[in-house]
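These notes open a run of structures that come right after.
Across the two complexes that follow, chain A remains constant while its partner is chain B and subsequently chain C.
After this line comes the complex of A and B, so read on.
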């Protein structure tokens, strides 16, 4: 460290930045640019995306008409699925989502009452569920197993009991079940 | 041109000390009461439910959690900060407040607000946690009380601004003293930042809770909330930085390494701490991904002044350590006055803050946030930042401040050391366990002891949060005891009472470029950046408002 002795320096206005600190500032900027580039490429080129603006609904009428009136799993192509989930105090409807291994699932979630959270354990699916809004993310389930989805936002006295489970089963088993 | 300045030798008058003391009294009581609930949460994780013994006064985990969050994150911080800022403004500028009645008015408005907030929380009519996301609906008194706390802090802020302006008039061409400059800057940032939550409450939540409007728009409310929510953390942090930059070096026997970079860091905090709120809303449905990305980028730029701070503060400490005879690459660290609990508290706070900062960068990293959003990682993170970098530093400050304003002697520096180290150790255990639980998928704000989905592999970590929480409880009880006994102790010999530590700058502050001591251009830049980063989205969300959510009280 070069401690700048006060007397030796010209007495005029300047930032007076120590050479070590100047390098530290350069390093900080490079570090941040590298990080930003990494998350940007991952997000916009590789598909690791956060939820965006999807659409609005009226929480008072979602159970009467529209896709949330019949929550559940729909197959739209051989390995493509849609799931509509209604969150309410203190459960998810449906409480169980069964899809075959390798399925690409687009999940739509909304709330009938207060805010909830929807996070599927061990995946990148994580959404705030806001009444009046539709949260949407797409995820491909490559591993067989059970993946609980938990309410991750405080929603009232029964919050800790609010969860459901994604069951990813081998394709053969899925067909046998007659889905 | 060089103007040599007489460093202010003015001490606070007795009435000024009393004024600061009132803020500290409220702050410390809030910390003690609020902190008792923290360990109750942590113990619940191991199925030790102490809440059952608090009925019917405290009716649920969530009511306790609301008290913990509001008292510790909002009341302890705000009252401490306004009191501490009063002290640094008076000491830094070397003059009395120009309008002490304005500052007193600010204090009393804050107190009235605090009582109005506390009553509905204690009556279980505001169990909405400290983020009070609608459509959970609290009593109107809760919203009005919070508003008054904020308005009170604004009034105090105006008192500081008027005093600062008066000093400027009397001292043309002189660089403002760093601690006063930084204190005033923090209050200015706070006034701009709290506009978000003020609009949220006054235009939406208050009329809604009074029944004047039937329904609200939770998404817009979130956007307003996080306009304030992120700079809020800088409002907590900057007073700790004032101490780290402008006071701790003096306590350690050194000087501030760079006055100009210290000021640059503070200006950058002013302009970039506000237009970043969407990084708390990465997983929100009603905000376009493009705007989230822009705020992620701006959040990264807030990391830059934090990196500056890391360098400047550590360099100041190294200078101190070497002056004290420390040699070698790291020998200066050992040479620092670790025996002074005020110093050790702040050094340990700084060490844990490095981890808090790294975690914060992770949180801000756009899609990386998907892994930890709303998980136990997040409270794990902010217990390193607000509950350690800020709170442990503030505790360290009170170890000289309370003796200073009361004219007493700190009862037991040894006990204070135990308090400081137990906080450090307890927090490492607690916070590490919370981070790990978050990565495993444990949700935040959840009594995991009751949750049906908890797998066995979480148990060890849940136990560690309970152990850490218990150590922290012991630490905070020791802290309360030290504060009480010190304040109630006999008047000490004036030589035994600590002075306000004010660090000199290594270089004459008059050499700092004048553009680093001008408020106007930076305030304009802050406003412009807010308009650019928030304007279009706020416009879309406000014009697209849909009042479809009635209030709910499911607790």
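After this line comes the complex of A and C, so read on.
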């Protein structure tokens, strides 16, 4: 005759989880915690931010008035710049952005027609460009070189040809060019 | 007449088969290593490219 089960033991066994399955569940939870920690550290401790909605504009009138009527690079401090970019099928205006090495550049981008993307290769700058909405990101270009920017949202038959270039030049060269 | 009950090696108290799934563990180990390597490399690339704000 067997003894009646205690209160604790039957509950534990009633879960019916295999030890391997239990360990896999533990590992999955640990993995999620690691992912969450990594993203939290990057976002809140190191300051990585995703692009935010800066404001709204009327796509029909952006070329008539406001900063997007004259897109391009503006120097607002010795090593700080603003860039206003208009996306349209199938080009970016401006198609070339020249900034000195070490410049902190705030990029404002909007669309005149359909949804586009704006990604600068080899950087973390990557934004959705929605008509009527201004997307904004700030990035410091520490390396000299050319960084193509591309449309990352299929926008029509000329999508593959929609690109521009950020040229990061040495400060001396930037001063000489009088850019 | 009841037949004699024989103990199966590796059987647990409920009579269920309990074995070590070596192949599955091997595949899972490869999966975990791949996840760690790919995700880790992407994270390092993210950090190396600099902060966007």
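Please note the rule applied: the second predicted complex is superposed on the first by the 164 of 179 C-alpha atoms of A that agree within 3 Å, B and C clash if a C-alpha of one lies under 4 Å from a C-alpha of the other, contacts with A are read in each partner's own complex, and residues count from 1 in each chain.
The rule is simple: a residue touches a chain if its C-beta (ideal position, glycine included) is under 8 Å from a C-beta of that chain, and two chains touch if they have at least 3 such contacts.
Everything numeric in this text was worked out from a predicted model, so none of it was measured.
*Asks:* Of the two partner chains, chain B (first) and chain C (second), which one does A:32 touch, if any: first, second, both, or neither?
*Replies:* The first partner, chain B, only.
*Asks:* Just chain B (first), just chain C (second), both, or neither: which does A:142 touch?
*Replies:* After superposition on chain A, A:142 lies in contact with chain C alone.
*Asks:* With the two complexes superposed on chain A, say which partner A:122 touches: chain B (first), chain C (second), both, or neither.
*Replies:* In the superposition, A:122 touches chain B and chain C alike.
*Asks:* Is A:24 touching the first partner chain B, the second partner chain C, both, or neither of them?
*Replies:* Touch partners of A:24: chain B and chain C.
*Asks:* Return the chain, chain B or chain C, that is in touch with more residues of chain A.
*Replies:* Partner with more touched residues of chain A: B.
*Asks:* Looking at A:151, would you say it contacts chain B, chain C, both, or neither? Reply first, second, both or neither.
*Replies:* Only chain B; A:151 stays clear of chain C.
*Asks:* Check the residue A:43 against both partner chains and state whether it touches chain B (first), chain C (second), both, or neither.
*Replies:* A:43: touches chain B, not chain C.
*Asks:* Can you pull the chain A residues that chain B and chain C both touch?
*Replies:* 20, 24, 35, 42, 48-51, 122, 124-125
*Asks:* How about chain A: which of its residues touch chain B in the complex?
*Replies:* 1, 3-4, 6, 9, 11-18, 20-21, 24-25, 28-29, 32, 35-36, 39-40, 42-44, 48-54, 56, 58-60, 89-90, 113-115, 117, 119, 121-122, 124-136, 148, 150-161, 163
*Asks:* Using the touch definition up top, name the residues of chain C that touch chain A in the complex.
*Replies:* So the residues of chain C touching chain A come out as 21, 24-25, 28, 32, 35, 39, 43, 46-47, 49-53.
*Asks:* Would you mind writing out the residues of chain B in touch with chain A in their complex?
*Replies:* Going by the criterion above, the answer is residues 2, 60, 62, 65, 129, 133, 135-136, 217-219, 222, 257-258, 260-261, 264, 281-289, 292-293, 296-297, 300-301, 303-304, 307-308, 311-312, 315, 318-319, 322, 361, 365-371, 373-375, 440-441, 443-448, 450-453, 506-508, 510-514, 546, 548-549, 552, 554-555.
*Asks:* Residues of chain A touching chain C in their complex?
*Replies:* Its residues touching chain C are 20, 24, 27, 31, 35, 38, 42, 46-51, 122-125, 137-140, 142.
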